[in-house]
Amino acid sequence: MGSYFSAERFINVFPKIISCISVNFHIVLWSMLLGTILAIFVAILRLKEIPVVKQILGVYISFMRGTPLLVQMMIAFYGIPLVLGNVFMNLFGINLNRVEPVVFVEIAIVLNEGAFLGEIFRGAITAVPALQTEAGYSIGMTGAQTFFRIVLPQAFKVALPHYGVDFVGVFQNTSLVFTLGVVDVLGKAKTLGAATGHTLEGYLAATLIYISFSLLLKGVFLFIEKNMKNGSAPAI
Amino acid sequence: MIELTGVKKAFGKQEVLKDVSIKVNDGEVVVILGPSGSGKTTFLRCINFLERAEQGKMVFGDKILDLKHVKKRDILYVRRHSAFVFQNYGLFAHKTALQNVMEGLTQVQKMNKAEARKIAEDALSWVGLLDKKDFYPAQLSGGQQQRVGIARAVALKPDVILFDEPTSALDPELVGETLEVIKKVAKMGITMVVVTHEMSFAEDVADRVIFMDGGVVVEEGKPGEIFYKPKEERTRQFLSRIIPQDAYVI
Amino acid sequence: MSFNVQSFIEALRSAFKYAPVTLELTVITFLVSLVLGTVIATVRHYRIPVISQILGVFVTVYMGLPMMVALILYNLLFMTFYNDFATALNISTPISEINPIYIGFFALILGQSCSLSEAVRGAFRGIEKIQYEAGYSIGLSKIKTLYRIIFPQMVPILLPGMQNSLIGLLKASNLVSAIAVTEIMTGALLPSLLYYSYLESYVAAALVYWIIGIGIEVLAHFAEKRSGQYLRRINSD
Amino acid sequence: GNASASDTTQQTADSPSTEVTKVVIGSGINYNPYCYLDENGNAVGYEYDVLAAIDELLPQYEFEYQSMAFDQLVLSLESGKIDVAAHQYEYTPEREEKYLFSGESYTSYITYLAVLVDSDVTSLADLAGQKIRTGGATSATTQILTKYNEEHPGQEVVLVNTESSSDEEGAAALKSGAAAASVLKKSDVTKMNKNFSDDGKDWLKSVGEPINNSKTYYLYRKDETELQTAIDGALKTLKDNGTLSELAIKWVGYDVTEEE
Amino acid sequence: MIELTGVKKAFGKQEVLKDVSIKVNDGEVVVILGPSGSGKTTFLRCINFLERAEQGKMVFGDKILDLKHVKKRDILYVRRHSAFVFQNYGLFAHKTALQNVMEGLTQVQKMNKAEARKIAEDALSWVGLLDKKDFYPAQLSGGQQQRVGIARAVALKPDVILFDEPTSALDPELVGETLEVIKKVAKMGITMVVVTHEMSFAEDVADRVIFMDGGVVVEEGKPGEIFYKPKEERTRQFLSRIIPQDAYVI
């Protein structure tokens, strides 16, 4: 593949690309933190099957999963200023059209993850036997205590691998900001590609960074799992 | 005191509890007897709101509750003043024996950790499992799990303990010991409702025995009365399997 | 912002026209990946020596490869090496007659298998050990225990997350347009060229995806009901 | 609906004072050499330089730049996030229904068939039944070639849409024979020859008549005629004094403001 | 015939089985007794390869197996010729009572569905649960689940059944009935190893009683011998809790 890839170009672009990683980290940390919290509540509420709430959540999840993230980001980016622009201007003197684009991308990803992770958690929660909840209730714990102390830790173990996939996915999806002119890892790779006419080195550098992140995350998860093992023997 | 009146509960079409009423005075020990599937577990679960009865009233301490329409706060009140020992153990799978016992102490009673640990260790040594305190439920034998369940309930020092066959997984030696534990608990003035088939325990400890069948209370009375002078044919029939015929002579 | 209904309808029509391509890509990829992913998860769950470690590292690494880059890479490799390869193996089909959609399938299936394998691996942990033992004790073989006892019990755990994967795949198949397949998103954007009616096109694409997504959700809802009917409902008090 | 970004420009429309008005220019991020982000992340290219030159000629305006993707620009324009969109927009009557085009064009956009140097293809007719890379289903090229196919039944070329594909793939497809031709600007052919030559020699050439020959303009919201007039004037000046051609040669390598 | 010799099994450092050997002849019923945590369940599990022993030999029918290094085929052979009744039921959660019983018949014994259903229904009616045949395990009471487990094992008509406390969740009436079932099974010539604390059953049915403690066989013999003339102090002590002292006089 002679002319397509050169180690020299790769070495040249790699430091430039990795220097943009803070954009990815910023987005992924906020989105996953808030997205996970949102998802937990979405999962709980879905399982409770409260009338009205149930239908609203059904539509929310369906919309967030069913439509492209790019479109959701566009709705956030153009729609929020359109609807709330005057309110923010009058109340806080903030011009929403001048707010950092990153914020809108984060809003979109948080809402998106609320739906995706929410469903992953819901599945995992059904794996926890009802008796565990009942045992929590029986010692006088509130519903919330039982959920967060008894059910969630056991469900999390089930959800963790899929959660990891999602996490790495978000780390890559941050490149959505590039559409709005903010340069993350992949955006930088594209930029360098456009500037030099050689895209492959940049993409591979970005991939290498993604893979490192995936491995890092895996390490963190393994560590968490080690501290979460509940004595049940491995598969037989 | 707890008193339940007119408790009804159906699963689909099947009426599991048809108008059950019992009254248990403070410090009293009541044993519920009855064939498999007669609704004993379901009844205990209704008391603790693990199952929602379709109808019925409960007096719990100084609260009067409608079993069907009850406030969250009242449910929590009942659960905090009672404990449940499950027929199939119901230990928290991700917590060690010790953590299982400590959980209610630290989270519900807001005890500090050191104190809770002390009480939990006492409770575990009471049931002879101090050496297994760091084992997870999956690493314990059936009998061991059941004893952890008992320790967890007793450690909470609730007003009422609901025992659902607390000795079913235990060997005879431990049955004896565990029943001793339960007797000690009884002496602490804790009210108890015990589903059990251990006649000797019932005879020794129970203030009253209730015989249930097909979702109704067939008969109730002092152990001596029920065991040796049952009024109902059904009771007589049930007991005949356990108590040797000649015992009736006594 | 103005919204032109005419453009929107045109975009919608165009998007629908290409929906079958998207559906084909999605369904085939999903089914194949489900099988592969389950195999990977099973091997890893049983910790079959060497293979499971290799697969573990592979999955973790592969998750880091963005679909877009994967497509470029495979496409480039294919175009660079196909001719030599074909000569060596005496394949007479010229490269221009090979449908690039196969490269799309390859990339999608590999990525999807990895992510599905993680979902299945998680679900394995949600099944109590005694369920295996009960299967073994009546004389079921390991494989049979797996597919008669364990997998059915995983279904209610997996279904919500599987919908994510399937619907996600529906949208991800858009990337395949990079190698010469027009599907829903590209289809919807086709008319936008004339008017720069991107808003209408994006909304149209979103709507078509959403409609298909709803279809998937409705089916999954019934599947969830059926597969989970044995679960005890928790009294929500 | 216009949100707050355009408030500032509206003001000047009401009161032509000496006050300097801020104008938000939107241009691209990934279109070398016209508008892209350089290695340091700065927005650079022909578009940006031309706009900077225009800014200098217009004391009543102060330009501010926002960079985003091609399709986001028109939406941002409509929603008031930017006031001018500059991304090599071609004129069509349909588009004019929605947007205001600048009265002056500032670049021409001409593409040709690009084939391997040893190929004897010279026109679309030579390519009947063969694959042509068009650079995306939504590109102008696709549209033109689709129309060509409709007009030449039995002589159709096979269009290979390559949305967001890379230059490497484009090169590999042509070299391997996966596609028989591509549609490129002459500047792109030069770039491809430079970047992906295996032996230092040219491997790609432009042939035949132009496939696409159009001019490019700025886009404004319909009501921004004042801004349009001002910028048109400045553009004219730049054309007349040769600045525009200079910039074109600097960035693109030859004078794209001329018709070829 | 099954014979196990020198079975050893440890969990981590804890030796749960230290050199256990037993021999059960065809058609014999052997009862294993012992305190909680003594390794009874673990021992039964080792026989069925649900737990892999670290050492030990097993003669199963005409096969001689090394418990540690055993072929997959042999494991399957043992499992297909034996059945296990779990202490905590172990029903397939996603299958109804009927499907639970049918599973082994159709999948292992390759019976056709109609025939399997017939046998399964018979087995369920044997344990008094025909009316619950379409219930899922989660909808059954503890005792009902245990009986389904027994029906599932018996329906397979295996050479050997391993019962782990098959009556723990049963009320006295059912204990009687279930033990009757097991007696009937015994008469069919099926070899049985039963972990139970039901002395009367052991006395009635067992050919031999084995008393285990701390991972070793302390004593074994005919029920009469073990119960009334135990040789070991430990056995005597264990039994003293269950059998009233004066019984020794007999």
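Residue numbering begins at 1 within each chain, and the chains themselves are lettered A, B, C, D and E in the order written.
The rule is short, and it goes like this: contacts are C-beta pairs under 8 Å (C-beta built on N, C-alpha and C of every residue); 3 or more make two chains touch, one makes a residue touch a chain.
Since this is a predicted model, take the numbers as computed values, not measurements.
Under the touch definition stated at the top, chain A and chain E share these contacting partners: B, C. Counted as hops between touching chains, the shortest connection from chain B to chain D is 2. Chains A-C form the pair joined by the most contacting C-beta pairs. Ranked by separation of Cα centres from chain E, the top chain is D.
Between the Cα centres of chain B and chain C there is a gap of 50 Å.
Distance between chain D and chain E, defined via averaged C-alpha coordinates, is recorded as 81 Å. Chain C and chain E have centres, each the mean of its CA atoms, that are 46 Å apart. Note on chain placement: the centre of chain C and the centre of chain D lie 36 Å apart, centres being C-alpha means. The multi-chain contact residues of chain B, meaning those touching 2 or more other chains, are 49-50, 88, 138-139.
Among the residues of chain C, those touching two or more other chains are numbered 1, 68, 72, 76, 80, 128-129, 133, 136, 199, 231-232, 235, 237. The residues of chain D that reach two or more other chains are 1, 75, 79, 166, 168, 172, listed in rising order.
By the touch criterion stated above, chain D contacts chain A in their complex at residues 1, 3-5, 29-32, 36-39, 41, 43, 66-69, 72, 75-76, 79-81, 166-168, 171-172, 191-192, 194-198. Chain contact summary for the complex, chain A toward chain B: residues 131-132, 134-142, 145, 149-150, 153-154, 157, 228, 230-233. Interface residues of chain B facing chain E in the complex, by the touch rule stated above, are 11, 33-37, 41-42, 87-89, 139, 141-144, 147, 165, 168-176, 197, 199, 238, 241-242. If you check the complex, the residues on chain C that touch chain D are 1-2, 4, 68, 72, 75-76, 79-80, 82-83, 94-96, 98, 100, 177-182, 186-187, 189-190, 192-199. Note for the complex: chain B touches chain A at residues 45, 48-50, 76, 79-84, 86, 88, 90-96, 103-104, 107-108, 135-139, 152-153, 156.
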